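For reference, the structures are reproduced in the following blocks.
Across the two complexes that follow, chain A remains constant while its partner is chain B and subsequently chain C.
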Partner chain A sequence: MSAPALLEISDLTVEFATRRGAVQAVKAIDISVGKGETVAIVGESGSGKSVTSYAVVRILDRAGRVAEGAISFSGIDLVAASEAQMRDIRGREISMIFQNPRAALNPIRKVGRQIEDVLLQHVQATRSTARQKAIEALDKVRIARPEERYDAYPFELSGGMCQRVVIALALACQPQLLIADEPTTGLDVTTQKAVMDLIVELTRERGMSTILITHDLGLAAAYCDRVVVMEKGRVVETAEAGAIFRAPQHPYTRKLMQATPRIGMRLRDLLPEAPAPLASAAAAPRAPASAEEPPLMQVTDLVKAYPRPASGSVMARLLGRQEADQPPFRAVDGISFSVARGETLGLVGESGCGKSTTSMMITRLIDPSAGSIVFDGVDIGAIPARRFAASPLRRRIQMVFQDPTDSLNPRFTAERAIADPILQMNPPTSRDALRARCEELATLVGLPVELLDRFPHQLSGGQKARVGIARAIALNPDLVILDEPTAALDVSVQAVVLNLLQELKERLGMSYLFVSHDLNVVRLLCDRVIVMRSGAIVEQGTAEAVLGDPQAAYTRELLTAIPHPPA
Partner chain B sequence: MLRLIGARLMTTIPSVIGVIIVTFLLTRVLPGDTAAYFAGPAASPEAIAQIRSKLGLDLPLPVQFVSYVKALVQGDLGQSLTTGQPVTADLAQRLPASAELTLAGLLLAMAVALPLGVLAAVKQGSWIDHLCRVVATAGVSLPVFFTGLLLVYVFYFLLGWSPAPLGRLDVFASEPARVTGLYLVDSLLARDGETFRAALAQLILPAVTLAIFSLAPITRMTRASMLAVLGADFVRTARASGLSGGKVIGTYAFRNAMLPVVTTLGMVFSFLLGANVLVEKVFAWPGVGSYAVEALIASDYAPIQGFVLTMAILYVVLNLMIDLLYGVIDPRVRLEG
Partner chain C sequence: MNDMTRVEMEPALRFDAPPSTSLFAHARHIVSENPVTGVAFGLFGLILFAALFGPSLVPYDPLASDTNAALQGPSRAHWFGTDQLGRDIFSRVIVATRLDFTIAVASVALVFLLGGLAGVTAGFFGGWVDKVVGRIADTIMAFPLFVLAMGIVAALGNSVTNIVIATAIINFPLYARVARAEANVRREAGFVRAARLSGNSDWRLLLTQIVPNIMPIMVVQMSLTMGYAILNAAGLSFIGLGVRPPTPEWGIMVAEGASFIVSGEWWIAFFPGLALMTAVFCFNLLGDGVRDLVDPQRRT
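Coming up: the complex of A and B.
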């Protein structure tokens, strides 16, 4: 870079005061961002990437402080700047976009007013022009009918729309540097692509510099000039985006690269070294489901309809006024598929497509409106969800939930959590037998036995995921529904968990229904794939066929939206 | 909007009916014999029986209930045996007194507690946070009759700053023309500065006593609610966009933190309205609380039933107002309707 850097972070150390003394979240890092440059900071949770950006705009928690080092932004020393100076810089010179856009907006203030607040603060508009300028800002981020959207509250907008509003807010005052902190985490792939394309286009148009903070190497590669890799508070590698993916230098970068699912990989390739197969079973060749054998589960014309919220008031109904009944909303609209024994079926689609509703009906947590779910010859769809818990079939269908933390009772130890289904369905004869079974299950999922007495908050994300899996397989189920089991995990942990799931399946002969929005993961784990949209199946077939040579336009759209790191 | 209020009111009808039945039964179950009480200690059994039949207390319970409900429908809450007045007249006289006292106490408490709670949350761990904790703890730890008496002792007896604690007005002042029943408001409407000052002087000490007691829940709730909101993502966004401290705390954080505070305010208000008997006693305040307690001691059914019913209806109205206020504060509530 010949031009002087816009932002120069040198030797920055950030400390947090905790009960056990000061903890360094960021340790002596150097990062520079040139004018008009797009830099990615990549790392897993706890790497200090977000803390770095908070230190730049000085919005660290009260416990955090810059212990050492300098941050200079076009010649201004941001560490020494007064709070009043910082207030002028935030939003006008340096703006931020955050993860979880809906929460990032004030829930009880009209979005237009929130943009006005920023414009007025930085004297970019007067009271009389603020409204017009706010609408212009909404228009620039391609929000249709911006005059109407000005009056919308965040809860009335979709996640992608909210993120556009946050971008409008951040760019309203024409800042020179935009810091985007996981701007698309939690958004669907197609929305992610739209949002990222918008950010890149708008910042390029204005000659702005951008820092993209992400855990997604693919995203970093697709949109950034330079990549900074952070691990445990340190910068381990900085290089041009292309170079870092062609020839990663640091072992951690290589590990991250390897753990990121890509086309043409096998599941085992995600792990740093080929692991010794668990215990005895060598990966048996996958038994292809023969056509004659009846499937484990056959779902036919499954429908879940919800009544639309009534528009008439209680009074109107009391007075006997009839309103034209709207047809009920069909969250799942007549889908049919089957799951063979020993098969992993992927259920893919974007939020609101009905995949979670489907999995909840199959798990028999909610009742279908119509259609049948035949499991091993029995129509379990006919058993009411309330009574299914008492059914002997309950133990044969189990579930692993999306959030490993929220799906564990915080007051149960790992052992108690794993023992829970056993105690419910099949109480063992003695305490020792239960302990023995829990230890067996822990060993099976690779959870150190000594961790069994810990509570969820004393376990790492990966360990909690293992507890959730052990709980699901405790009753030797035939079918396990995996609802985005790795969505909340770092890529390296995800790699390990995915491999664990595959090994368990082969060992125990279970079938999986794998619900996910991550097509790369589905490609690795699943035999067959179903693509859903608006409650209906768009396409289904073998994983290679659907993801390799998609027939439906929607599947193609999903596939092209995935950012790919250069392989 | 009107339709919404109507619908909400309709849903409260069953609970009001429940209250009517339960208070009727409870007053009958309570120990104590009205007839014996009014006949006096020296009365003969015949005299007591005569009074009983005169009051209709010898009739079977269902018959008594039907006649009670019949009268109720016509707006007649019965006759108080202690005061000799219709209960409606008594309540109409005394309810404004309680309401004025409670409102004044609550407004005072809010004026102190809201800023204190907000400051304690914004400057968490500072001296003001500790002050907030001390004030709140002291407020609830001291019983109201103690703080009341202490205030009377200091400001009336020792310093002589405030008038004698003998009701709503001193003997020399005359009642303002009745419009709302609240003396402060009525005297202002009548442009009678003299009466206003007199009423205010009488009101200050009992209102402060109540305020000290209700400081604690409001301060604690404001602080906790503000702390939660200050940690929210949107406050971080507001700070990251360079909004000034006042804007972030006032417009962004405080309005969002108001919801639980409003709930607490409603609860404190309805609790105080019925429960400030002790304050009313200490300051000889002619409110509904002391009225109800006196009736209870005398086994005087009609005032007790009237009091409980009035409180129930007030509670319903108050909750409705709080719900409407929610809608003003939070657009998401409006949607659910």
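Coming up: the complex of A and C.
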């Protein structure tokens, strides 16, 4: 850093007033961002990376305050600046992109208008030129047919498109600093690549500085000049992007890097120290599914069709007229595959490809429109979803959900949640027997037994994930559907949960259907992989074959979109 | 499907949570955070006390007339003054609390059961149940509600029971709609799906997963409609329906006193009116406080 830094954060401490006194979310950190530099702030949840950026633009919520330290932005003291000065700086000098683009846009205002609002607010355009400038801004973020999109509402655009509009909004006033807070979390890998390429290109071309806040080390390394690693409110390491991967200095950085799934790793490599191998199970090679043994589940020509939403004019919709010739929309369009006993099958695809619909049909939460699902010789697709709860097969197909918070009843303790399937389908003889079984399950998934009496909001993300897993395996199911079980978890927690899942599978002899968009994770856990797109299977085969030597162009596209740290 | 929310988003504040505190300590914290809630709880305690013990504590018989002492202003002997028959207004206001409170509680309990159950069933199952419940609510909403209540009491007969029924009926759409919306949102929640996988039947899902989670909202709703129910009962009595004189009841007392305001005897209508206002005010404030108290998220 030779030239004076554009943004200089020194000795910054941010405090939050809570019921149990002040909590320091950020502790005496120093970060500087030079002109035209792209800096990544990387850390897991709770590291204070977002709070730092909120402090910079002074949008901390009411309980938070800058307790100590200084933030100076091209000579202006942002801690002492008046609210009026800040309003001027936000948007014009420093702008921000948030995680959920749809939430960042006003849902009932045309996107073009929203860009105009910003231009007019900061006197970048007059009423007569605003429309033209807004269309130019849309064009710059590579939105095709910007004149038409000007009139679109956010719900009419995809997630990636919305994020582009947000970028257009953020860059509309030519700010000097862009803060992107997890800009691609929740977007598909291919969209993520497009959005990140766009951000980097646009900011380079304008000589802007960027702060990228992310939990993904690979993303940070691929797009940033410098990486700042934060842990529990402190900066533990600052280094050039290349250097941090070649020679991480701090143990936390090393742990984080190790937990990030990459090519050529094994599942156990994710953990800081190799755990004691489980008896013989871990060492034993996976038994290949023998040809003569019938598969545990055979899915044939599975279809789920939904009627298309009413189209046509408002008047026609009001009158209830619908074009009758509209074919129904097929979310899942005739797919066939099988799951062998003891196998982990990966189901991969981007959002909207039908993978979740497929998993819901297999778990019998929704009814298929056509096709059969034969589970252990019984066509369970023929049993209506409503009645499947009473079927003896119910206990043999279970599921681990994507969002561990959403999938736990906020009013049930961990024990009650784990006990639910047991109470419904295999009532124990006594309360003590139930408690004993819950404790056994908790131990199995590595949940401290004393946490069983807590409510979900008193548990961490990883602990909630364990409760969800314990509930799914409570009745020793044969097939467990894992619906992005680690998507909402930090990488280090993900590493532990993935290893736990693998260990449980080996110990209990279950089969997994692993639904995910993260190919690196699928590579680690799965024996075979199915790639889906628009409701159909694009490619299937063994994990090594599909991910090592993909045949379909789409699979290759997915693989190249994953950000790889420089080797 | 990729639209996950990162669970530990605002992690700065999320440390290892302590075991839950006692209800009392929690209530104390809520009150210290928002003193208005404390006032509401205090008023509620007062109303409850008056309803339970009022009749045995009041200085005068609320029905005993004493023509010598008619139309006296507030004094040491008669704190709120006396009415045209010389009855002690303070005693009558206090004694009336029990009746008004009972009507409100009974009607709210009734509509909570009927409207709440109809609403969650409609929201959870959808289909024809939803249509039937929705149309019933629409039909009730189509009437001016107070006029509908008058009509019901007039048709069914002049009794306290019928006031309770009428008040419950006019509040039905409110409960049915709130319960329906809340149940509908939670129908697809992850924990409901998870419970379905655990082998719970539809009715069990409704009762163990959905209903407990919409209780905080329903309790707030109940607190708000309590005030409305008291007002409604008093309104019916005011126009001569429902409770009949000489029973002490706030609405009747205001009606009786109304004609004396012109001649300067303001206290006859003022004090029962004040009691009515205080009760409604209290229940409206109570709503927020009760929500804070029952919401499990607030308990850490």
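Worth pointing out:
One rule holds in what follows: the second predicted complex is superposed on the first by the 543 of 567 C-alpha atoms of A that agree within 3 Å, B and C clash if a C-alpha of one lies under 4 Å from a C-alpha of the other, contacts with A are read in each partner's own complex, and residues count from 1 in each chain.
Assume a contact is a pair of C-beta atoms (placed from the backbone, for glycine too) under 8 Å apart; a residue touches a chain by one contact, two chains touch by 3 or more.
Because the structure is a prediction, the values reported are computed rather than measured.
Superimposing the complexes on chain A yields a three-chain arrangement in which chain B and chain C clash.
Of the two partner chains, chain C is the only one touched by A:E182; chain B is not. In the overlay built on the shared chain, the residue A:V166 is in contact with chain B alone; chain C does not reach it.
By the touch criterion defined above, A:P107 reaches chain B but does not reach chain C. When the shared chain is aligned, chain B comes close enough to touch A:R87, but chain C does not. Touched residues of chain A were counted for both chain B and chain C, and C has more of them. In the superposed model, A:L479 makes contact with neither chain B nor chain C. Within the superposed three-chain model, A:S95 lies in touch with chain B and out of touch with chain C [touch as defined at top].
Put simply, of the chain B stretches 62-70, 134-142, 170-178 or 242-250, the part that bumps into chain C is 134-142.
Common to the chain B and chain C contact sets on chain A are residues 100. Interface of chain B with chain A (complex): residues 3-4, 6-7, 10-11, 124, 232-234, 236-244, 247, 251-252, 255-256, 329-332, 335, 337. Touching chain B in their complex are the following residues of chain A: 57, 59, 62, 86-92, 95-96, 98, 100, 103-109, 117-118, 121-122, 153, 155, 166, 169-170, 313-316, 318. Interface residues of chain C facing chain A in the complex, by the touch rule stated above, are 1-20, 29, 189-191, 193-202, 204, 209, 212-213, 296-297, 300. Within the complex formed with chain C, the chain A residues making contact are 16, 18-19, 23, 25-26, 45-48, 50-51, 99-100, 159, 182, 185-188, 215, 233, 350-352, 355-356, 363, 365, 386, 389-390, 394-395, 397-399, 401-412, 420-421, 424-425, 453-455, 457-461, 464, 468, 471-472, 484, 487-490, 517.
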